[in-house]
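Two complexes are shown next, each including chain A; its partner changes from chain B in the first to chain C in the second.
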Partner chain A sequence: MDSRIILGAIIVLALVLAPAVLSPALVNAGIQMLIASLFACAFSLLCGQAGMLSFGHSAFFGVGAFATVHAMNAVGGAGLLPTPFMPLVGAVTGLLVGLVAGWFATKRTGVYFAMITLAIGELLYSLAPHLGGWFGGEAGVSTMRMPAFGLSFGSNVQVYYLTLAWVLLCLGLLYLFTRTPLGRVALGLRENTRRLRFLGYNVHMASVLVFAVSTMFAGVAGALQAINIESANYVLFNLDLSAEVLLNSYIGGVTFFLGPAIGAALMTFFGYVVSDLTTSWLLYKGLLFVAVMLFVPRGIAGLVQTVAASVRRCGFGALAASFVLHGVAAALLACGTVFSVEMLQRIFSQDYLSLARLGGKAWPAISLFGESWRPLAAATWLVPLVLFAIGLLVLREAMRRWRAAIEAATRGSDEANDPAVASGAST
Partner chain B sequence: MNAQSALSLRGVRKSFGSIDIINGVDLDLVPGERHALIGPNGAGKSTLFHLISGQLGLSAGEVFLGNQKISGLPPDRVNHLGLARSFQITNVFPGLSVFENLRLAVMRQHGLQYVFWQSIARRTQVTRETRELLERLRLANRASTLASELSYSEQRSLEIGMALASRPQVVLLDEPMAGMSREETDYAVDLIRDITRGKTLFIVEHDMDVVFGLSDRISVLVYGRIVATGTPDEIRSNPVVKEAYLGEETA
Partner chain C sequence: MDYFVVSLLNGVIYGLLLFMVSAGLTLIFGMMGILNFAHASFYMLGAYFAYALQPYLGFWLSVVVATALVGLVGVVAERYFLRPVHKYGHAHELLLTFGLSFIIAEFVKLFFGNFPVNYRIPASLSFSAFQIGPSTYPFYRLLIGAVALAMFVVIYLLLTRTRVGIIVRAAIHRPAMVEALGHNVPVVFMVVFGVGAALAGLAGAVAGAFYTTNPNMAIELGVMVFVVVVIGGLGSLEGALLASLLIGLITSFSIGVDYSMASLLALVGLGDWAREVGGLLTLKLSSLSGTIPYALMLVILLVRPYGLLGEKE
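Take a look at the complex of A and B:
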């Protein structure tokens, strides 16, 4: 427990100090990561803890963002509240809209619940462009951050600290919520609503409240986004955002409290870095998601937990070689994938077609990673094949060593425990 | 209706389409008695429990808990008025710890349904009652085990314990011993006798040793009708019962 608090303190300290060493662009990315983390945690309260998979959570993010933009523009541009308190507008809007939407959505469970939330999200997405007064049509609504309490909020460092403060506050509140009676009932909703009903709980009312708590924090995330980019557009209601929060949460580990935050932060950063490097960045995101779901279905947090448990049992030394081999295998497989994807992307691109037509040659060479590759040469495709082959071999060896270490530790502990088991059985 | 009854059924009927499952059941449970409901398979015993506990709606008739009419109320209201039930198929929170399972059951009695402004750990009374219940169920050493990882009979104990956590006046147990070994059954009978003391117990059970050993009175349900109600001795010697039910087994 103590080590967890220390780890948490280190992370918070790092987040506080980060703007001092980061470039403005990275500070911006940091703001996006923080907002995505909060949104993912709000979503996972509903999806991971209460077992209600929402496909339309961007609706509440968007509603929070629009309400905040309007609040910032209110009173002739002076704003309804001082800028640092603006996320409260998102919270209240998210809560109220969530209570109404949740009342309908939680009448059903499982797939039907998911479909209703999807419908609510799509409804807003298709209505918003037509409601010019509220959502500003296709252009959206823009605003300006007003100075407050001697802070100008002109630089993105100040916005970063505003966002950080709100995200930490909200994550703290979300964590405390899990310790409350209603937070415990949420777990019961996930596990067995029938039993809950026969214990005397009003399942519908409890579901609505958990739903509204989740949408309230989604609204805060939307408000922070509005403050950050000083505008809101109807594309916020797009299914993309609903899907992204879902993918981020599952990649991070939806049933762990901080898993979704980790997943969202990493994936946002991944998007930020990779989208500059390649046009296929969405494909990489998708591949990552599929890989996580296939090989570590409990997400990054689940992987960390499993690895930590293994390290405790076997000791780090016994697993060190396997760790290194896993790393090497992952790097080789990633290189093979990247090479194949980039190569194919270039071959099938419009540019390549034009190049072939202009040059008069059917298959001109492609330059990639500082080399020139002929698309029909066997040597070109041997590169990814060899990478995959070596990668898989290394992976097999890594897994073999892992199993061996675990087995050795199990045998050891069995022998150590044997007398204890025998005496336990005799009493 | 009888003012002294803990639970009272008046002309209860249930049909699914054109098929009548329950054909007019009248029954009064005396406060504090242990009453068993027996009958051949398909007689409608579980259906009757579903009707009383609010899981199914009645086609006709009324059910009273004390003086309070409970027919037509949803399960959570019925539970809140003082009637709890266990299920034939274990129905717990599989992914939560044993402690958490029982705490959820205890919590509701303290009016903690929608509370989100206070930590559950600060309600020491809830924690204490949960620990007491763990002790009585003899599950104290399994408190942090996931319910899904318990042995079958432990799960059955948990199931019964969750029904009792709400401090009901009337408890419905639906085949609590189903699938248990001889020793587990003896143990469970002890447990039920112990923790239902002072409450009215209505139990469906197929194990006749349990039924005749545990109950004060027995009712026999055949084809949706109660053909006899009486003490174990009366039931044993009742010719209608012998013919309709016991006869099949002793023959």
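Take a look at the complex of A and C:
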């Protein structure tokens, strides 16, 4: 427990000191990462802890953002509240809209719940562009951050600290929520609603409340986004944003408290770095998500937990070789995938296809990773195939070593615990 | 009167198209309990495969080959993606199909670009069937409806009149019992999944030529198909047909109606007040045509949560 508190303190300290060493662009990316983390944690309260899979959570993010923009424009542009307290508007709106939407959605469970949330999200998305007064039509609504308490909120460093303060506060509250009776009931909603009903709980009411708490924090995340970019557009209601938070949370590990935050921060950062380099960023994200679903169902946080448990049991030395091999295998498979995707993307790009048509039979070479490749040559496609083949072989060896180490540790502890076996072995 | 006939025809045919996609979805759900998020992606794949093959195979052959290819994709998706995660539960399967739909859409963008492709009706089929008032009615729309109807008849006969149909229907209700009787249920599941995917692919290959073929067509139709199966009752083929026609007719008729809540309130003398309030009250029904199905779904879930023809849980 102590080491966790120390680790948490180090992370918070690093987040506080970060703007001093980062470039403005990276500070901006940091703001996005913080907002995405909060949104993912709010989503996972519903999805990971209460077991209700929502496909329309962007609705509440968007509602929070629009309410905040309107609040900032209220009173002739002076704002309803001082700028630092604006996220409260998002929280209240998220809570109220969540109570109404949640009352509908939590009438059913499982896949029905998922579809109702999807329908609520799509309902808002299809309605919003027609309601110009509230959502500003296609153009959206824009606003200005007003100075407050001697702070101008002109630079993005000040916005970073405002966002950081709110995100840390909200994550703290979300954590405390899991300790409240309602937070414990949320786990019961996931595990066994029938039993909960027998114990005398009003399951529908409890679901609505958990739903509303989740949407309240989603509203705060939306408000922070509105303060950051000083505008809101109906595109916020799009399924893309709901999909993003879902992917981020599951990649991070939805059943762990900080898993979604880690997933969201990592994916947002990768998005920031990679989206300039490739147009296929979303494809990689989708592939990563499916790979996580297939092979690491508990996400990055679950993987870390498994690895930590194994290290405690077998010692780092016994597993070190396996770690290195796993890393090499992952790198090889990733390289093979990236090479194939980038190659295909270049071959099927509009420019290249028209170039190839002009050139007749001879397809021009494609430059990729500092080399030029002939798209129809066998050597070109041998590269990813060899990468995949070696990667799979290394992976097999890594898994074999892993199993052997675990087995050795299990046998060792059995012998230590069982004197009969130990004496039998010595004689 | 002309408006009425044209809207009726358009609505019925759009409804039949919705049915072609939702039939597979509802069968798969009834059987495996999986809500297949990627189902509409199979519809999109059908359109894109047919588009890509058309220059080489001609229209009809490419429709057939595209249908078969999409069925194959469905079999692969079931065997190598869904079956391994079956042990983690239905929510996990739903998420996996969601991931698949995401990947399929991105692959389509990779190969065909993030814009509509020029998938057209062949010239030999592009003529008007008959004249209604001043306007003509395209023959191809009728063809879409005819394909959907033929498909419904074939599935219905297959499920109710053949031995395979008996096994499939039994596997929907009591998979464990069917397995105990010596039938290979996992293979039945795989085949049903493949056939469901192929049906969606057929719908895409035929309808993609008439409507637009773009990377967003899956999500646009997919959400509507979910609405259809919830309204009709998950797992019910007849319910899917009824709900598809209902949604098709509502969408098609509401497009031409220029009334708003304010016009309704004007009948009781509140018209001016409503126009002053604005917002939802002055929205014309025509601009709400995309929203009504979702609202209808919420109403259905309130008054009849298991759908129009679904079984009570």
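Worth pointing out:
Just so it is clear, the second predicted complex is superposed on the first by the 412 of 427 C-alpha atoms of A that agree within 3 Å, B and C clash if a C-alpha of one lies under 4 Å from a C-alpha of the other, contacts with A are read in each partner's own complex, and residues count from 1 in each chain.
Throughout what follows, a residue touches a chain if its C-beta (ideal position, glycine included) is under 8 Å from a C-beta of that chain, and two chains touch if they have at least 3 such contacts.
It should be emphasised that the depicted structure is a prediction, and the values quoted were computed from it without experimental measurement.
After superposition on chain A, the partners chain B and chain C are seen to fit next to each other with no clash. Within the superposed three-chain model, A:V16 lies out of touch with both chain B and chain C [touch as defined at top]. Contacts of A:Y112 after superposition: chain C is touched, whereas chain B is not reached.
Of the two partner chains placed by the overlay, neither chain B nor chain C lies in contact with A:L303. In the superposition on chain A, A:R195 makes contact with chain B only, not with chain C.
Judged by the touch definition given at the top, the superposed model places A:V213 against chain B, while chain C stays out of reach. Applying the stated contact rule after C-alpha superposition, one finds that A:V185 touches chain B and leaves chain C untouched.
Set against each other, chain B and chain C touch different numbers of residues in chain A, with C touching more. Between chain B and chain C the least C-alpha distance in the superposed model amounts to 13 Å.
With the contact threshold set out at the top, not one residue of chain A is in contact with chain B in one structure and with chain C in the other.
Every residue of chain C that touches chain A in the complex is listed here, in rising order: 29, 35, 81, 84-85, 88, 90-92, 94-96, 98-100, 102-103, 106-107, 109-113, 219, 223, 226-227, 230, 234, 278-280, 283, 287-288, 290-291, 294-295, 297-298, 301-302, 305.
Residue ranges on chain A touching chain B, taken from their complex, read 176-177, 179-185, 187-188, 190-192, 194-203, 205-206, 209, 213.
The touching residues of chain B, when paired with chain A in their complex, are 53, 55, 74-76, 79-80, 84-85, 87, 91-96, 100, 103-105, 107-109, 112-121, 123, 162-163, 165-166. Against chain C, the residues of chain A that register as touching in their complex are 51, 53, 55, 104, 107-108, 110-112, 114-116, 118-120, 122-123, 126-127, 130-131, 133-134, 239, 243, 246-247, 250, 280, 282-283, 285-287, 289-290, 293-294, 297, 341, 344-345, 348-350.
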